[in-house]
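Given below, in the form of structure tokens, are the structures.
Below are two complexes that have chain A in common, paired first with chain B and then with chain C.
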Partner chain A sequence: MTENAIITIENLNKHFKSGDLLSKVLKDINLEIERGECIVLKGVSGSGKTTLLSIMGGLDRPSSGKVLVEGESISKLPDLHISHFRAQKIGMIFQHFNLFDHLTATENVMIPLIPARLSMDEVDQKVHSSLKLANISHKAESTAGRLSGGEKQRVAIARALVSDPAIILCDEPTANLDRDNSLKFIEILGQLHEMGKTIVVATHDPLFDTLSFANRVVPMEDGSLVGSISKGLQ
Partner chain B sequence: MSEILLSNQVIVYLLSESILFGLLLIAFIITLEILIKWDFGSYSEQQFRLERRAYLVMTILLFVFVVKFLLLIYFVFAIDSLSLLVPGAMCAAGVISANDYGMLLLLLKLLILFFLLLWMAINRYDLQAKNYPLFRIKSWLFVSIFLVIAIETGVDFAYFGHIDTLEPVNCCSTLYGQLEGANPLPFGLNTMILLILFYLLYVAVMASALSSQRVSFMVALLLFVFIAYYSVVYFFGTYIYELPTHNCPFCMLQKEYYYVGYLVWGALFVGTYLGLISSVMEIGLKVERNRERMVALALLSIFVLLCTGFVAIYYLRNGVFL
Partner chain C sequence: MRNSPFFHFLTLEFFKERKKHMGVIAISLVILFLLSSVLFISSSIRYSLEQTLDQEPDFVVQRIQGGERVSVPTEWMDRLLEIHGISSVTARVYGRYFFKSKEKSFLIVGVDFMDEQSHKALRTIMDEVDLREFLKGDNMLVGGGVSHYLKSHFYPKGYTFLTPKGAFKKVHLFKVLPRESNLIANDMIIVPIELAQEIFGMNEEEVSDITFNVPNDDEWANVEDKISSFHYDLRVITKNDIKKAYENLYNYKGGIFLILFLITIVTFVLILYQRYSMVYSSERRHIGLLRALGWSINDVLKLKFFETMMVVIVAYILGVGLAYLYVFVLGAPLLREIFLGGANLHNVITLVPVLNFGILSSIFLIYAVPFVSAVLIPVWKIAVTDPKEAML
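On to the complex of A and B.
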């Protein structure tokens, strides 16, 4: 493990059992991600990208192997601690946005701050600056159900940023967006990278092949990492 | 098969207890496997599987605790309903004394609830740390609890299977041979000394808790719950029933007395449990449990106020003591 590593994955395996059928989703994954790096996990559907991202974000646990985030093993943390870990260090952006449709954009963005028990002034300030960064302040009071796909994704970005996490994990973030909105999303991602956030994007969208600020593209195939294409630190 | 074993309440009760025992048996087998193979430092597939199974055990125990608590109330209701079948029984007190297993069963139930509550307190503390520091302690505690529950399940069947519906039993007013001339109070105490001890021990419990004398607190609490039981049955209870010869721990749980017994016994036992748990964790595990101790003191104070209140209200209304 290098000194600058923010995520270290060692001998990670994940399998699911359904009856007698054992499905090996991740096979002996070893990966190190440095602070401030932007990594694109490329692979077709079913290659294990989402599962790997879920384990990195503490949403799922491995079958075996170690996941260290900032030097702390998260794969064995009790539920209480894993929730704190996610709230403090991880911002997640999902393919289907995962917003509460009946809540406003502001309310959706506010949700990750609830466990932090901040004053309303602090919450307002954080939510406002997060919505501004994601360029969606003008829709702050609209309910999520009334927003377009691109707008929903920007609310999801604001929600991922509101607790100022060091790591942003994006799972197929442009799968439900048209090209224009995908490009806008990538632009925002570039800004986050400039801010020093560590970004991991799991995608099969060709738009990310030419991502100027990505440090590495890591191809995945059938649950394994198949080499890594370094693009050099920007 | 006896009439008792075929009554609806007993069938429901024994079936529920058997299902719980089955669940606990699964948890017990898993716990033994965990105790043998547990190695928290390992990142192997086996260790991850054991950690997931440890969560299953926790879930089962939480479920069992909740159901056991409800089943204790149901148990009282069930034996109370059996008083119609047992000659001489007017309430649960008569049915519970129908054979030698009754009181043992009740004591086992109270003991099990205490240990389950202790397990939950230790488990809660264990999960607040990142490396399960009390994992082995709580696992061994569960093994012990399981063995007691296995005995309890056996006693359950023995008790209900041996209730004779032809032989008359003693009940309420003759409980513990009071009307046969024998003094039912422990150590030959009379009512006045019993009451003095009751209030003195309450003061001792409060004083030792507030001055953080943990061992003294635990000892005072155990003595208090012992004396409090007799005080309620043989003194305060008579003011609840407004009848000097009615010495029953169960009748006050009935509708006729507005279920006030649940409040009286609930405050006493939950207060005692929380107080003992805070002491055990502080003395044995060096873990500060001020909140539990304060809740215990509040509940015990409610209990003492309730008991005293019944006597005071009776005196104010009638101008005499019983």
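On to the complex of A and C.
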């Protein structure tokens, strides 16, 4: 384990049982991600990207193996701890944005902060600066359901950033965006990278092949990592 | 609380998703309204009955021959007076009188106005009657139902009764009894005791039954035993027997309703349970997403608990409040027929507002406990699973 590693995955396996059928979705995965790194997990549909990402984010548990985040094993934490871990360390950006459509942008961004026992003023202030960072302040009071795809995506980014997590996990972030919005997203991702966030993007979008700031592209195939193309830290 | 992001979010969710809650509130409101109306009516009736029965004599002595009630000889009274512990021995003359059409009958009650004890039970009703004037001729006091019947059959001033001996007896309508007395006196005709004896074809040594009180409760069983052995065809009825008979009747009607409500509530709760535990419901995504965004199981349960409590409390206050208005202000149209119907005439009684903590809290518990569990159990089940649904 490198000293600088923020996420360490050791011999990770994940399988799902449906009846008698056992499908192995992740096979013997070993991966080390350094603090501040930007990693692109690349693979076709069904290769296990989402599954790997949800295990890293503490949304799912491995069948065997270990996931260490900042040296702490998250796979066996009790619920209260793993919830805290998610709230403080992880920012999630989902393929389908997953906003609460009946709430406004501001209210959506507020959600991760609610269990944190902050005052209303602190919450307002954090939400405000996060919306600004994601470049969506002008739609702060709009109902999420009425926003365009690109705007929704930026609200989702603001929500992922609001508790100032060290790690940002993105699952197919551009799958529902047009080219322009995809490029805008990549631009914001670049800013986050500059801020020192550790970023993991799961995607099969070719736009990410030529990402100027990506340190590594990790190809995934049928549940395994197949070598990695390192671009070296900038 | 105003400065708490949790309550801010709670109220936000509640009001922005009010459409989701409206249906549930509406159904709850109807159930709560009916449930509280029935409980209000039955407790009010029970209260009135207790008040009425309190004024009734402790014991009634009747005579039974061949399974039928027959008149009691007045000499029994003297024998009763010899028993230790008995007071206020009174003879009563009353009976049902069937009108021409035979489908209507009224209760004729003869009162010995010379005897203080005899009209004690009716005292409240008779308070405003000018007795001197009343006793001058053949007069009667009638309840609201009787008055209504006589008027509609064109006897506004009085009625000519036909005695079993074939004679006619003309009686003037002296006064209609006040509305408040309608629970007991609605179909009652009150006349002097001699007049009642005449209408029923009895002689002066005969009465319908004899009543008396036993002030010491401990003596009741003892006295009952003693009197039963007086005469082979004598029957004794205690106030407790009457009370039980009435209570059984109203408990029975109330019980049927309660069972109906329980069935309704159970059905409703099952529907709610289904709704919250549906595999691909939006609720499931909702919860999964909150969990993915760093909410613990407790945080989710807390939100859903308060959200449900808000629904419960809004529905409770509205439902119980409307029931109160319906029963005690409007007088419970329709439902009262079911409870008070079966009496000979359309009853025009006033439901006295009776509100006690017991009724209010049982309504709340009958409704809130199953409701809250029907929501929280499936929510909890969803919340404990890993929140990867959010990723799909």
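Here, the second predicted complex is superposed on the first by the 234 of 234 C-alpha atoms of A that agree within 3 Å, B and C clash if a C-alpha of one lies under 4 Å from a C-alpha of the other, contacts with A are read in each partner's own complex, and residues count from 1 in each chain.
Heads up, the rule we're going with is that a contact is a pair of C-beta atoms (placed from the backbone, for glycine too) under 8 Å apart; a residue touches a chain by one contact, two chains touch by 3 or more.
This one's a predicted model, so the numbers in the text were calculated from it and none came from an experiment.
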item: First (chain B), second (chain C), both or neither touched by A:N13; value: first
item: Contacts of A:S163 with chain B and chain C, given as first, second, both or neither; value: second
item: Contacts of A:P173 with chain B and chain C, given as first, second, both or neither; value: neither
item: Chain A residues touched by each partner, larger count belonging to chain B or chain C; value: C
item: Contacts of A:M120 with chain B and chain C, given as first, second, both or neither; value: second
item: Partner chain(s) touched by A:L80 [first = chain B, second = chain C, both, neither]; value: both
item: Chain B versus chain C as contact partner of A:G48, first or second or both or neither; value: neither
item: First (chain B), second (chain C), both or neither touched by A:G65; value: first
item: Contact residues common to both interfaces of chain A (with chain B and with chain C); value: 61, 79-80
item: Residue ranges of chain B touching chain A (in the complex, touch as defined); value: 40, 43-45, 47-48, 51-52, 127-130, 132
item: Sites on chain A touched by chain C in the complex; value: 50, 53-54, 57, 59-61, 79-80, 83-84, 86-88, 90, 92, 94-95, 98, 100, 102-103, 107, 110-115, 118-121, 123, 159, 163, 171
item: Partner chain B, residues of chain A touching it in the complex; value: 10-11, 13, 61-66, 75-81
item: Chain A partner contacts - residues on chain C that touch it in the complex; value: 2-6, 8-9, 12-13, 16-17, 285-286, 289-299, 384, 386-388, 390-391
